[in-house]
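Next up: some structures, all given as structure tokens.
What follows is a pair of complexes built around chain A, which joins chain B in one and chain C in the other.
Showing the complex of A and B:
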């Protein structure tokens, strides 16, 4: 048994490490250049710090000598929120941080999905929407450009959009939760079944079914009405603040729902045709800092470095 | 210097490229095969080659790959196919696959059932006297979830071949299996005790393809809803 390693973990050998290092160096240059100083926090945190924000739950639980329950951190956003609220309690915002650190989640191990995985990301604290959101999106796209990724797109949505739409159509809380859970799984057949069971006019049911499928260029923001108009205007405001290079990468996506408990507004996901799963994600978490005693609006993203590496390799192969 | 390709070669090449399909679809062989090919024909995808070749698996020009139904979610999740068609039974069993379920296609209707030998209900009997029942199935996760959801203790016995044999030989008290007409169950002296889920063919998509090829996928869905 001594020669084995835990399921979902692995060793990294020199060839891979060299390529990963070259990639993270390029990302770091962009992060630092944009004013995001690198921080590092303990791999171990008290379990209560995470409060069930991450759906997959902690991969590993430990005890210290006093019997406290510790976890290996499930992401870096929560620890950095803690750092910002405690170590920078009186610093004037905005605060900018970047990180390169491993996170641990209880996932089904497969390629690009490890229980221990390296994240590269930034957090912008004290900068509200839309300017803060746009700044972080610009950093994200600049970093991916610097890494050499060519065909990526960033899907931009808003986690408040669909819940607000459900409420405004009189869908009760319980049924709404079920619909959002189905949507998070991508089960549109289930959503249709659930909507058919609610007391809705055909036109309303059709609208609620159609909205999460709206995704595309800025043309999808035209001609919106009601609660959609408000969300659309929020996205339009972000779009206007993006650099032209970033704007060309963004697709608007009304189907994005809350993947992490602390998201409160704009969310985004990074897609590349060379890899079947998003390479990274981010969003606004305007209420998380308040939990640590310094309420400030915030936004950030995390890239999965291993997936980015797979996508880069895939793109290179595609170019032959 | 290598000879430059002639005009004829170029135009052939160009027309090939123009015809290269925008989407790759994973098509299940087996019970859903015929219905799926008929549907693709109606959507204007040429399946003549697929029908004519029993052994070939990859049909690049039509954008079709053929495989076992239970492999479809694997290919679609990894992005090796943009879209796929498979039974709801497969999706229930592999519920942790990250794929989008876009449409209930309606055909290939089957029911996932709990069945036992005719006569006295041996599952109920075992639960009453022993508190636990043995269930044979090719769908261990669906079966386990069904018994857990109904707070009954079951030992799930996974079998690869004919499930109907297991209760007849006394290996188990009941089976969880998919049935279309119930004929096989009847012929083996088995009766349906509980219906677990109705299963039809489903159209699934890779989550990244569903965003990056949105226009192509939506066009196909529109066609599908019009058929």
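Showing the complex of A and C:
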């Protein structure tokens, strides 16, 4: 029998919808309470709005009646950057926005990827690191607390850290890009192969393999030197501005690399033992707003609402 | 300067979003209270799911990675019929569903049409006329009351009425289709021209021009004869099952014709003096479920959330 709906899409029936609504209502209460007013932008945007900044996987393209190329939004960060720069062009920063919106990505068959998924997130525009980053991390953890998730952790890294380390060891840009792509997939064997091709001392090669595996509490920030020092100090500065509850959730992760083109500094990912892959992610995108004519530093996160719901249900089941 | 977003789309900023959320929460409370559990279906469906039943204007078509043709849903009625027939195949009727979802339609330039719009609605599946029709009209009016709309009216017609009248006067099918299309656009001059080409007595031509203009209270149902009698009796049966508050809102409208291919009997439209075009519409689609393998009579409505909000704001402004 032919499939009824496209792979990577789902029907949501009333029992699940009721739980999802209750969960998003709790998230919205935290977002609004922290001053992040909800916005909604069109699902269809001009492709030129996104430029090179479409997240993983090509987007859906279609044509309007004038022959313009439209895309189904692949995330809400770029549209909100557009809104902030154009609809709030003379509003003094910082600007705070939240959203609950579906995003769309092309899927590779048989990978269990979602073609359509509901995201909940915030964007803080005009607040530089470290204070802006810390504020958004606090909102993230408060929202997850309010949703009822108990065991989550937030991985915090810096997309500048590892590229700086590669450059300082004379790895050329092309090889560096390949290494970063391998790291993004968690392919350490591939990284090792790529590093073996570079002219490195054993100690340097060992360091370049070891650093992206560094994960832990604030102790991993101690004693950093060379190109690691700056990123480590940045993370330390963020840590000092976190609420105690948020700080207790953070795991520093030197292996977090650029998953979306627009990230420029701190990046984070939300994990929960009740779900195998990240429930959400975020980071700083200090260069994106400039593209829309209002250069402002910015930071935000997006939660995958369906994954969050599964993790929540899994935790509840675990507590029996 | 180039347009920032496609014509027929909009950004919704926090003040408006807060009002829209409050309004949809009130609608959802009425829907859930009446037993209509919320469902969400994918925005992307196989084109074959919709067959000929895409509402006005062609839909957005795109291809998946297997070369299947996908469309952006143009309404939620067809997807919910699919869900009811496949996911609730052995559930005893009636089935009650509600939704809050964006729909997408291609626009003709410079017409002020929406390319994307949020719909709120219900579908009642397995409840024949007149009881099912009356239940849905009661839910519709209760929801609009809960939203705070004061001056709305619901036009109630029957898509079988005028075609039966045309047939009984020997109008051939092709000419009949043209007349119905003209009526749907409100083009009475065109209808008159088309009727002049048929071989009709003056009295018959006058009748065929007069009937689609009949609008009013239950008095318009009195003294109907011939092909009007059956549709009139159907409307009378519905009227008797309406709550007094709903009955007070209803205007019988013999000019309501088939706007979407799947309608089979009663159709309705929501009007408010504070907005120039219908805020929503609905009707019976007793043949649609059979296409998905579970023949059941059905009826539903969809409200355009943005238009409803504008009407509400207009009324409030009018009350000062």
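Note that in this section the second predicted complex is superposed on the first by the 306 of 320 C-alpha atoms of A that agree within 3 Å, B and C clash if a C-alpha of one lies under 4 Å from a C-alpha of the other, contacts with A are read in each partner's own complex, and residues count from 1 in each chain.
To be clear about the criterion, a residue touches a chain if its C-beta (ideal position, glycine included) is under 8 Å from a C-beta of that chain, and two chains touch if they have at least 3 such contacts.
The shown structure was predicted, so the numbers you read here are calculated from the model rather than taken from an experiment.
Visitor: Looking at A:215, would you say it contacts chain B, chain C, both, or neither? Reply first, second, both or neither.
Guide: first
Visitor: Considering only the touch criterion stated at the top, classify A:108 as touching first (chain B), second (chain C), both, or neither.
Guide: Both: A:108 reaches chain B and chain C.
Visitor: Looking only at chain A, is it chain B or chain C that touches more of its residues?
Guide: Greater contact footprint in residues on chain A: C.
Visitor: By the touch definition at the top of the document, which applies to A:276: first (chain B), second (chain C), both, or neither?
Guide: In the superposed model, A:276 contacts chain B only, not chain C.
Visitor: I'd like to know which partner A:60 touches here: chain B for first, chain C for second, both or neither.
Guide: second
Visitor: Does the superposition put A:319 against chain B (first), chain C (second), both, or neither?
Guide: After superposition on chain A, A:319 lies in contact with neither partner.
Visitor: Should A:188 be classified as contacting the first partner (chain B), the second (chain C), both, or neither?
Guide: The answer is first: A:188 touches chain B but not chain C.
Visitor: Could you list which residues of chain A make contact with chain B in one structure and with chain C in the other?
Guide: Of chain A, residues 108 contact chain B in one complex and chain C in the other.
Visitor: Which chain B residues qualify as touching chain A in the complex?
Guide: 77-80, 96, 98-104, 202, 205-212, 214-215, 218
Visitor: Flag every residue of chain A that touches chain B in the complex, lowest number first.
Guide: 108, 153, 155, 186-190, 192, 213, 215-216, 251, 253, 269, 271-273, 275-278
Visitor: Which residues of chain C touch chain A in their complex?
Guide: Those in contact with chain A are residues 2-7, 9-15, 17-18, 21, 28, 37-46, 48-49, 60-62, 64-66, 68, 70, 79, 82-83, 86-87, 97, 102, 104, 106-109, 115-116.
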